[in-house]
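Below are two complexes that have subunit A in common, paired first with subunit B and then with subunit C.
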Partner chain A sequence: MSNVLRKEAAVTDRQAIRNPDTADAADAAQESAYVLEAREVTKHFTVRGALGRTSVVRAVEQATVRLKPGQILALVGESGSGKTTLARMLARFHEPTEGEIVLRGEPVSGSRRARRAYHSEVQLIFQDPFGSLNPLHRVRYNLERALRLHQPQLDRAGRERRITELLERVSLTPTDEFAAKFPHELSGGQRQRVVIARALAVEPKVLLGDEPISMLDVSIRLEMLNLLQRLRTEDGLALLYITHDIASARYLCDEIAVMYAGQMVESGPKEEVIAAPQHPYTKLLIESSPDPERGVDDREALFAGADELGEPPSLIDPPTGCRFHPRCPFAMPECREQAPPRTELGNGHWAMCWLHTKGRAGELAGTTHAEATAARRRTLEGAS
Partner chain B sequence: MSTAFLSSWKVRIGLGILAFFCLLALLGPWLAESLLGLDPRANDTDAIALPPGGEHLLGTNQFGQDVLAQVIAGARGSMYVGLIGAVVGTAMAILVGVPAGYYGGRVDAALNFLTNLFLVLPVLPLILIVAGYLQGTGLTTIALIIGFFGWSGGARTLRAQALSIANRDFVRAMRMLGEKGRRLVFAEVLPHLTGLIASMFLHAMIGAVMAEAGLAFLGISDSSAISWGTMIQSAQQQSAVLRGLWWWFVPPGLCIALIGTAAALVNFGVDEFANPKLRVARPVSVRRTKRLARAAATTGGDSR
Partner chain C sequence: MTVGTEPHPSSVTATAVLEVRGLTVEYATGSAPVRACADVSFTLRRGEILGVAGESGSGKSTLITALTRLQRPPAVTTAGQILFHGRDGAPPVDLAALDGRQLRRYRWTALSIVLQSAMDALNPVMRIGAQFADVLRARERGLSKKDAWARAEELLALVGISADRVRDYPHQLSGGMRQRAAIALALACGPELVVMDEPTTAVDVVMQRQILAQVLRLREELGFAVVFVTHDLSLLLELADRIAIMYAGRIVEVGEAADLYRSPRHPYTQGLRDSFPPLHAPLRTLRGIPGTPPDLRRPPAGCPFHPRCAQRIEGCDERLPALLPVRSQPGHEAACLLDESHHEQQKGGNR
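== the complex of A and B ==
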């Protein structure tokens, strides 16, 4: 396992060397318009209690996501932070309560025809490859339906040719053999390839990956990430990669957006965000991701206060002001009262934190989350 | 899959009995007429209310009709009603239950209201009224009425199942692919319900056979048609019980009971197939029985 991760790290280094030309490509893409945007979307779910009392779950609030062709954006955050809700809004399973989804600069409408047109450009890859293929249909059926619906001009031979191409694209060879298989005859990784092939049959411009590798074996995750990478470089797909795994986000993406309790807290180019997080939550997230390079002693030192790192807040009754303030070791009185403004840090990097407006941003780099929490506890005890 | 299903003795016996009655219904009347020379409607005035044996294997009834010939002819009538009733009932259950579960919302509210309405309707009195209103009730009419009033329970079960399947990721994925609703219902959701529907169908068939017998017993049927129900009814009318003509009503009653048993056996088998916990001879229970047997053997040895 650690072997694979180390390999990942090695590939990341190579990635970094190759970076100049991807950066050029990114610059060129800067000129072209965004292919898919979620503009300040908000989603509230109404839940009805046993006694008929209703409460509102604020799953996503004022989130903005922009995808460019040939670019991979990673959306990271812990469970329950609204990542999946955002993806499902982008896949149009839920209508946003507020805000709009914009495809090629045009707001999408809710009509059935518009929805179908939308889905011929945007496809979602589900988290669970064991659930997203009907166990009663062969691989061929799945691909054939997608082709029939989205490329009606193809005749029988054309469809057959396309199926072979698609299966080759996701490295499921010999294609004839795989096309005739039922999902239960395939491994998790192979199923996820079939799911991706089915999405590609539509010839979309945007792929939304809702934790596409989290249910897969560690040993095949890298292959999957490489496949996604290839789709981006060769086909110029825009990809939204949702994950809670910083390491894979770092390996795959160009930009990272961090979500906490339904809100975007930080976003920017991946190396900047990971190397110098500008929001206390991003810092916590990066520090709590396991790293095999780290020694046992380091780990113990780093997580000395791990039991006090806190939990995500209730989205029914979120904290006032900055939603992270109950867990934040740098919290100030402002944090409790008012939501922090967005601070632009240059190069497309921004964060929403009072530390930047109050000139305390430097404190973030000098300490770790656990250390800061411990220090804060000491001062509080000293004061009382 | 099908061979695993057949490995249970319950299923094999149940299916055997059902197959026997189906064959009897299909070929029986023809065989009885050509081989045994029996006519269920022929009145033999020389042989009235004869006990089984001799020329008439199952005896004759009050009108001098051969009971064996009548049971065979009745098999056709009863199975016909059972089949038509079950087809109509199951089809309606599918058409109401699956869309209700799949579409949800307003469609569900309307279809569920309909289901609940039929669920709480006092079906038997209603059938009596409808059958009385429709003059000249042949077996087909009876079967249609039984099917029309007996789908609600099945629709409820199917709705619940469809509801859970409709929210599975593979249905979402195909919807995102642009599949139309009707195709999603019939190609993605319905195939997952085949086991349930098959067992519902068997159940409905037995129900219809019994309902027909019950209705005939109450006098709601075509008295000229021959079914097990009409046989029992005419036996009752001629007070066969009081006069000890048991061979008149026991054979049709036994046939109905046998079909019920067969369906129950098949359903047990289906349950065992679907729920491995019910399978016979779990290792734990085998070990426990062996231990008990050993204990019994040693104590038995001591006392001897």
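== the complex of A and C ==
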């Protein structure tokens, strides 16, 4: 822990030196405890149906994300939960409908110049390494272009030096050989490393990785996770790791935030969230994830009651109250009527669930989603 | 199914639904043919779930299209047999040797397939029920349209899709529902064997769990066998009875899921197993497998894994190890010179 703090302090110092116009260095240190924040951001998309009817997709509602230097936050949830939209707001591809994006304590503005300055600090890595490199140009050109745009002070020789450094950084050696290759000559893992090298070319403070390993072969995913881990420890990068793979999130990150149907439902230190989830949806997600260690001994129990787990709701007409209530085996009348308040559980762990305000949170630990669903069905049948 | 010992050859025919022998598939492109599946042999027992795990380029998709005879040129099956044993006890049929017309007798009723993307497998301009009726009425000439639609509703109910969805078009269903509909469709004519090609890759973990639970339940009820192909070994460890690991077009190891997880014999299997971080067990740094799979246009000499193998010994770059039974574990086979059965073979004492 102290190690992390020291790292943070070191990074903050560096930032203070780089920003001489900040009047008070101590102030800057305070501000940059978080390098990038999304403060209660909401994104609604208007879509037009085939018959000309418009409807509003409530993709993200009131989501808050805070990234610290040298820290990795995993954002997990099913597809359609809003994690990519949130990342795109953080990358400024989408303007939030409400709320603001804050870079080192300063809300960001929309001007062109501000945008470029922003992208020299915050870089996004996409899922598909095949689609994100220009296929007509060699690796050298792909990297050089980022350097020309974001490091105009470098001359030709300087850029060439940087390219070598970057390729070494992502272990693509011999660098000369890799710089001269076209993207199609590289494997998926090598391509994704070029994408990461290009993101690093601008010396960002924050990397946003939208499922950066999900299209890679299993045997090379670990290399990529280890590389991201190294960038965090050695360069003090802040990383938002978006994934649906909870085991890889646990391997890489410090904290986990869980999204469901456009809302953040729980966030906290990874081991706490995984070992003792405090929201019924987190619980369902973790119980559904494959775990080789849990293994092969009792398959019956592993899949018991998993026949009907339900599906996420439409974001055009989301459920009232807590959006998880139609699938939740613990749902109470208030869950249908009112969105749950956020309950702080200490140690930076919080959850948005009525169970906590009603003193029923203990029920989460003693059962599984499937068992709780079956028990609820029995009660309902008994009552009718 | 849970029998650990390798059955006696005569009992193989009694319990096996599919016997694949020496299957070799080549892509006839360019100057030299690319051997995407090389000398693949395995036996699938009745009602068993055999998982096939491998990375991209390992030949797992080639294997599936060859098994189901759905391959298209330039892929050609150049050697091997795919022996199908019907439940009627008739003599086995070599699916690899049948022509298109003869094959039609086996499609849907003996053998069916679930593809990775149900969106591509279902006809986008036909109602779900009509697609079921099509399949059912092609097999059962006398079936009325009305009865076929009623049967479609029953089949959808098997995978938890309500009857009113039968008149929907595929785009009106969610991704998970489409995939479940595709599974129900594959089961429409009561096949003995269902081949599943990454059926849960495009859906989320919760839906994945749900689909797998349904497959397990339906297998229990209907008794079909499954060949389940995926890159996700952690999934197979929970789902499959036995697992075959493919690398560079060959099966390098096959065994019961628990044996493969606890004592993998092939270094590639070990590497693959250690590529999945645990969800609850203590964390340690995992390395994955350095390097990349070989280019099958220029496969390395000897064991195809040797350039990436940390445990390679003398001879690995020269001799191609055969898939041999592991002595201490019945039903477990591995193709690695490190395994003791290979030592004996080397000395000429091929037990």
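Operating definition for what follows: the second predicted complex is superposed on the first by the 346 of 384 C-alpha atoms of A that agree within 3 Å, B and C clash if a C-alpha of one lies under 4 Å from a C-alpha of the other, contacts with A are read in each partner's own complex, and residues count from 1 in each chain.
Quick note on the criterion: contacts are C-beta pairs under 8 Å (C-beta built on N, C-alpha and C of every residue); 3 or more make two chains touch, one makes a residue touch a chain.
All values reported here derive from a predicted model rather than from experimental measurement.
**Q** Put the two structures on top of each other at subunit A: do subunit B and subunit C fit, or clash?
**A** fit
**Q** Looking at A:Gly348, would you say it contacts subunit B, subunit C, both, or neither? Reply first, second, both or neither.
**A** neither
**Q** Applying the touch criterion given at the start, work out whether A:Pro333 contacts subunit B, subunit C, both or neither, answering first, second, both or neither.
**A** neither
**Q** Does subunit B (first) or subunit C (second) touch A:Leu124, or do both, or does neither?
**A** Only subunit B; A:Leu124 stays clear of subunit C.
**Q** Going by the contact rule set out at the top, does A:Arg198 touch subunit B (first), subunit C (second), both, or neither?
**A** first
**Q** When the two structures are overlaid on chain A, which partner does A:Arg250 contact: first (subunit B), second (subunit C), both, or neither?
**A** second
**Q** Is A:Ser132 contacted by the first partner subunit B, the second partner subunit C, both or neither?
**A** In the superposition, A:Ser132 touches subunit B alone.
**Q** Which partner, subunit B or subunit C, touches the larger number of subunit A residues?
**A** When the residues of subunit A touched by each partner are counted, C comes out ahead.
**Q** If we overlay the two complexes on their shared chain A, which of subunit B and subunit C does A:Ser289 touch? Say first, second, both or neither.
**A** second
**Q** Give, as a whole number of angstrom, the minimum Cα separation of subunit B and subunit C in the superposed three-chain arrangement.
**A** 6
**Q** Find the residues of subunit A that appear in the contact set with subunit B and again in the contact set with subunit C.
**A** Common interface on subunit A, subunit B vs subunit C: nothing in common.
**Q** Using the touch definition from the top, list the residues of subunit C that touch subunit A in their complex.
**A** The touching residues are 55-56, 160, 174-177, 204-210, 212-214, 216-217, 231-235, 237-239, 257-258, 261, 271-273, 275-281, 283, 285-290, 292-293.
**Q** So in the complex, which bits of subunit B are touching subunit A?
**A** Interface residues on the subunit B side: 168-174, 176-179, 188, 191-192.
**Q** Would you mind writing out the residues of subunit A in touch with subunit B in their complex?
**A** Going through subunit A, the ones touching subunit B are 91-93, 116, 119-120, 123-124, 126, 128, 131-136, 145-146, 149-150, 195, 198, 202.
**Q** Using the touch definition up top, name the residues of subunit A that touch subunit C in the complex.
**A** 78-79, 187-190, 217-223, 226, 244-248, 250-251, 274-275, 284-297, 299, 302-303, 305-309, 311
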